[in-house]
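Step one of this worksheet: look at the structure below.
Just so it is clear, A, B, C, D, E, F, G and H label the chains in written order, and each chain counts residues from 1 on its own.
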Amino acid sequence: MTTVTDLIDLFEAEAARDRPTEEMPDVGIIMGSDSDLDVMAGSESGRPGAFDALTALGFEECTDYDDPPESRYTFETWVVSAHRTPELMYTYAETAADRGLDVIIAGAGGKSADLPNMTASIAYPLPVIGVPVQEKSVDSVIGMPHGAPLTAVDAGKSYNAALSAVQILARGDDELADRLRSLHDERQTDVATVSWSLHDLGTNAFSDSR
Amino acid sequence: MTTVTDLIDLFEAEAARDRPTEEMPDVGIIMGSDSDLDVMAGSESGRPGAFDALTALGFEECTDYDDPPESRYTFETWVVSAHRTPELMYTYAETAADRGLDVIIAGAGGKSADLPNMTASIAYPLPVIGVPVQEKSVDSVIGMPHGAPLTAVDAGKSYNAALSAVQILARGDDELADRLRSLHDERQTDVATVSWSLHDLGTNAFSDSR
Amino acid sequence: MTTVTDLIDLFEAEAARDRPTEEMPDVGIIMGSDSDLDVMAGSESGRPGAFDALTALGFEECTDYDDPPESRYTFETWVVSAHRTPELMYTYAETAADRGLDVIIAGAGGKSADLPNMTASIAYPLPVIGVPVQEKSVDSVIGMPHGAPLTAVDAGKSYNAALSAVQILARGDDELADRLRSLHDERQTDVATVSWSLHDLGTNAFSDSR
Amino acid sequence: MTTVTDLIDLFEAEAARDRPTEEMPDVGIIMGSDSDLDVMAGSESGRPGAFDALTALGFEECTDYDDPPESRYTFETWVVSAHRTPELMYTYAETAADRGLDVIIAGAGGKSADLPNMTASIAYPLPVIGVPVQEKSVDSVIGMPHGAPLTAVDAGKSYNAALSAVQILARGDDELADRLRSLHDERQTDVATVSWSLHDLGTNAFSDSR
Amino acid sequence: MTTVTDLIDLFEAEAARDRPTEEMPDVGIIMGSDSDLDVMAGSESGRPGAFDALTALGFEECTDYDDPPESRYTFETWVVSAHRTPELMYTYAETAADRGLDVIIAGAGGKSADLPNMTASIAYPLPVIGVPVQEKSVDSVIGMPHGAPLTAVDAGKSYNAALSAVQILARGDDELADRLRSLHDERQTDVATVSWSLHDLGTNAFSDSR
Amino acid sequence: MTTVTDLIDLFEAEAARDRPTEEMPDVGIIMGSDSDLDVMAGSESGRPGAFDALTALGFEECTDYDDPPESRYTFETWVVSAHRTPELMYTYAETAADRGLDVIIAGAGGKSADLPNMTASIAYPLPVIGVPVQEKSVDSVIGMPHGAPLTAVDAGKSYNAALSAVQILARGDDELADRLRSLHDERQTDVATVSWSLHDLGTNAFSDSR
Amino acid sequence: MTTVTDLIDLFEAEAARDRPTEEMPDVGIIMGSDSDLDVMAGSESGRPGAFDALTALGFEECTDYDDPPESRYTFETWVVSAHRTPELMYTYAETAADRGLDVIIAGAGGKSADLPNMTASIAYPLPVIGVPVQEKSVDSVIGMPHGAPLTAVDAGKSYNAALSAVQILARGDDELADRLRSLHDERQTDVATVSWSLHDLGTNAFSDSR
Amino acid sequence: MTTVTDLIDLFEAEAARDRPTEEMPDVGIIMGSDSDLDVMAGSESGRPGAFDALTALGFEECTDYDDPPESRYTFETWVVSAHRTPELMYTYAETAADRGLDVIIAGAGGKSADLPNMTASIAYPLPVIGVPVQEKSVDSVIGMPHGAPLTAVDAGKSYNAALSAVQILARGDDELADRLRSLHDERQTDVATVSWSLHDLGTNAFSDSR
């Protein structure tokens, strides 16, 4: 059993600690509930998520602050609820920069999907990318008022949010930019291959071959 | 077989009777059809409802006016249809205060979800919390005109409606307020526990553990 | 010029102070921007708002904590922005109960209308009534997740929100209940009078008389 | 000044009275507020309404039950609010058949446009045609549950509702059927005339001629 | 195999014939496709439809013009597609009155649900009740322009459309009015019986009993 | 004064006549009401319409069948209402091919915008391009069922509908194809010129220059 | 494995080649992903698509540019993604006319369904018919700005898009026009046959017979 | 007069040139039409835009590549239409990185707001922030498919898009981060000042003072 206070203490301790940048996670993934995990991190049976994009780009998940992964690029994953654990959310966002994060990917479902928005407001000027976990969450995530920046992806597109996060990190980092390009080249070849196959086999034979 | 007249007579007799306050239900739960029961009261297989919230807070259901439960806090449950049994609805609402109710939780489905609205209009100034049973019922429930108060929760959130009803009763009642806080503390610890587990195991191991 | 810190200090000082209940406001009205004032408080040219309902029911506005109004029932009004001043919002909500408030009416516009929701989450178990300032704010205000209660009125209906707030206060307070009934009786007579006039004059003459 | 009780007494007295059918109005027009009058009855500056359709078909408005118009076909007009004057609405609908009405045209605005629905439920089996006064009222008016009949026209189309009401009365009444046909013939000739004019003048000259 | 021309010839022949009124169907049920039959006529596994309402009220289906049912009240059922068989639709509507129909219940699905609308335009002044077969058909069915009357029920509510059709026929027909009242009394007793059962057993026992 | 019968006779006479193709209009523009003219033909104060596109491409309007314009490419314009003049619509569509039309541009407003759909069904296999005159007409225009072809443009875009109509005529007609390309080149140069101007002047100076 | 460059080279080579018109496909079918194939080409278990309409009208699929089908009318099918392979899309559209295509049917899903729109912009003045693969793709497909023509069918209606494409080709081609009429006659007889069957058997027997 | 070719040549020349990074603009602002300028750049009478945010943060506009502003941070502004000038859009995006841009802010209106999406697809992996110029543009801008990253702000919020762009540039640039914080501090003090003023004056006096 872990209490909200335990986690708040942890975040504050990490923020106060003076770890070298390379030992701290670059990207933070948070979501309002563990039921959002299939959307936010991807699942074997469903569509890929932020976890899949980041690992495909060579990022490793940091699960222990005192024993970070060896990879040059890392991320962390937490459940933080704006409406059920507001104090935890406040502390997570307030300590984010001091804990080494460069960008946060925040997902929330429902019609009052406030987690990305509040996180962006509190962590400012750290960039936050909002992921509406459901279609009905899009309006709430995207609708920030004048002067309170947040950018958003479409409902359920945490995979794209991770690509966008890495686009931010890739500025001035040729290796990351190259990884982004390689991943894209593979995707393009996949499209071309299936396109040729459909054309060459014809609709009927292609359908049967699937 | 029970007729609408039987129930109307019962409500009027109860209203005329001079029962002590503590023997009368505090909260009334009504719904337009028994097909709304899974939403309004919760179900084992689905999400919890008003029944679950109230019983978690120590309320007991009053099923016999002449033999009320021992609990200090009680509620009652009825099916009342605005469009199929308008006279029954009228009498239920008109007698509500005299039957000891302090707040009514009224749920209705469909696009003409008038039960909460008409109940609020007739039972005024007794507070009524409307529960749209379906997403398409939200507009109809929330859209009361100027001067006709009703507050609403989101579609299907009868659990939250019950919490809101108890927030009303908890004004000046420290015991109820404490019960509300305890219930919330448990919920927060649940969030923190799953959050730590996700972080500590990492996305893959956590997913596998579910 | 007033800073966010000034207001945070004020709220914390008030919360720490040990004022008698009757000197503290009963109802708090907050809104995300002063551009919401016409909706939240009403305006001479537009439809009446929470301010009009409360004053019609004998409430007075508390503008100086050290010199509260003489009225038995009072309210206060503030601008608090969830996304532009998250720390101010947090402190306002966290200190609300200790500052004597019994119910908060919170209004916000836009599609990410998070002020009512976050205030309800932080001030819990104090009841919060959300007012979507625009039609497009309804979804965001009403959509609270399971376990995080908030009730809402329709877009722009801060007048009704104030009536609902007073319905909460009127529980066990016969004077307030009577005031609510009187206000309603006037409204009903207005409807009956115009109805008779339309019928009696006929459509054409009635139209000309307007 | 007229009270709700005055009108309730009037409707009940009329229902108890034994007037000959031809002295009682055939069609009842009700609306939730006199602000609906422009939509429900039509206005000089706006589009025509039920009043215009009925008078074009030879109906006269009955403004005094004791001194009905000489016309063979008559109607009456009242303001009745479901949410502000529920008892008045109940009595209006309950006495409608005994007061001689054959069909009711009921209009209401807002998102909880319950007047047509409740009137139909109470006056059943008298037919009620619902008129959503605003676009946002359509869902609430049309969405009656299984077993509770009401038919509706589009938002603001009280003119068409009146035609539909007369279509009901015209069953087995050749004179009314002929009047409906004549009115339609005029409309068709209007369309043909403007069509020819546009074709014959050409787009430019026709536009200039308007 | 039947051609469109066969049916057109049949309708025209029937219209030309001089059958006694009591041998011709009173109500016509038409739908755009036989895939609409479950909605328009009801199905054993789904919700009841117009067929069920009419037969519950003692109507019999006329399947052979030369050998009509014995019942005093009858109806007929056809598939007519506005967009696939426009000429058939035109003839059906144009001959409807001469074929003895008093009211038409027309259902169509899709977003261009034109069948009810065109039928109403052509069969005018015969009343037509439109049934949107799908939710997305509502706008198209209800949106008739000024001067072209049609009334509509909610998506899929052909059962209610049939009740409304009989309400039209019941004007001046006490037997039909009594049948409508009896059917409603049964429905009200059903509601009251389940309501009492829920209250008396309590939520848990009632749920288990279902 | 022109009657519907006059126009029906005219269309039938034209269809029966044996005019040479080059004397008959190529494109027919129809609309449900002359209030649609600003959208369907364009207006001086508003956005350009089909009339403007066609004349920019060298088409002339045919206003007298017996005295057609000299231009190689011509069009005609009529008001035809599906719901108010169904027989006129039927005849217009049924005779379209015999009257020489190659493509019809049909616009209608409201939520039951059936004119384009019915025209397409009746005039089939002549291609019909539907123009929803209002945003709320889009669904009704585009939603044709399986097997009943119609293509549509966006709300109010009759200008684009005319370009699409000419794209159809331009197949195998190099002169028309060239005219389409020239018109487009002008548009592209307009965009480039304003783009350069904005860049070169800078935002402030450019804004002031407008 | 095929790369985007392979396909681009192929399209450019084809465009440069000087094949006789009758050896080049008339209609191009493209879609954003092979997951769109069931909608764009139809499937055995689902509704028919463009492939089915074209083959029913005697078109054959061209799967090898160097060995075209013998049929007088042919089409080709490719996967082209606007957002994943923009250069491929650009080349496909830019070379379309030179590769002999007369009309393109382009389908795309999602809310940013840009493929039909960009293809129409680049291939102009070649006509493009857009097919929104999902309901949520309709707005994006239909919403072309002033001066950029594209016509669209309803969501998923690629079958109708193919009929519309052939309507374009049928201008001045009596054989194709006859094929379109024959296909329609069959459809009409299907409707008439099922209509008669429903009427003749009656609702119950017809339902049982299905 | 400037042609599309002129601009394409310019962009390609700039991309080929070897300018030092500090002489090239950091941020590119593009929009589909100069009618989007009030939204994309802000206007005196309307709400502030990207231009206002960037200049408030010390950015200067580059209007002449050969004579760049002295400021360390600069931006450029162009009109580029996806549907009217696809080749210009293609070249702008393809040359963006080589012309020194670090992030692009792309705005488009209408329902097919493809400019941000296509620009992001072509300029990848350069980050693009999409601005829906109208509410109806949101879906089209945000709805990118899996694997094609773009982040978006709410309709009309180009000011926020500029803040988000600078958040990207501020990574590892303390001066920019400080400017972002200062701008935010001013905004917070504005909120606090108006909040105190409303509270201290009271609703009536505050309203009068505005």
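Rule of thumb we're sticking to: a residue touches a chain if its C-beta (ideal position, glycine included) is under 8 Å from a C-beta of that chain, and two chains touch if they have at least 3 such contacts.
In this text the structure is predicted, and so the values were computed from the model without any measurement.
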{"item": "Selected pair, out of A-C, C-H or D-E, that shares over half of its residue contact pairs with D-F", "value": "C-H"}
{"item": "Chain centre separation in whole Å, for subunit H relative to subunit A (CA means)", "value": "23"}
{"item": "Intercentroid distance (Cα basis), subunit H paired with subunit D, Å", "value": "54"}
{"item": "Between subunit B and subunit D, centroid-to-centroid distance (C-alpha), Å", "value": "38"}
{"item": "Approximate Å spacing (C-alpha centroids) for the pair subunit E, subunit H", "value": "57"}
{"item": "Set of subunit F residues in contact with two or more other chains", "value": "33, 81, 84, 111, 142-144, 147-148, 154, 187"}
{"item": "Contact pairs between chains, per stated definition", "value": "A-B, A-C, A-G, A-H, B-C, B-D, B-E, C-D, C-H, D-E, D-F, E-F, E-G, F-G, F-H, G-H"}
{"item": "Complex contact set, residues of subunit H against subunit C", "value": "154, 187-189, 191-204, 206-207, 210"}
{"item": "Contact footprint of subunit D on subunit F as seen in their complex", "value": "1-4, 6-7, 33-34, 37, 41, 43, 51, 61, 63-64, 76-81, 84-85, 88, 111"}
{"item": "In the complex with subunit E, residue positions of subunit F that touch it", "value": "32-33, 81-84, 86-87, 90, 109-114, 117-118, 120-122, 136, 139-145, 147-148"}
{"item": "Complex interface listing, subunit D residues touching subunit E", "value": "47-48, 102, 124-127, 129, 138, 142-144, 146-154, 157, 159-161, 163-164, 167-172, 177, 180-181, 184, 187"}
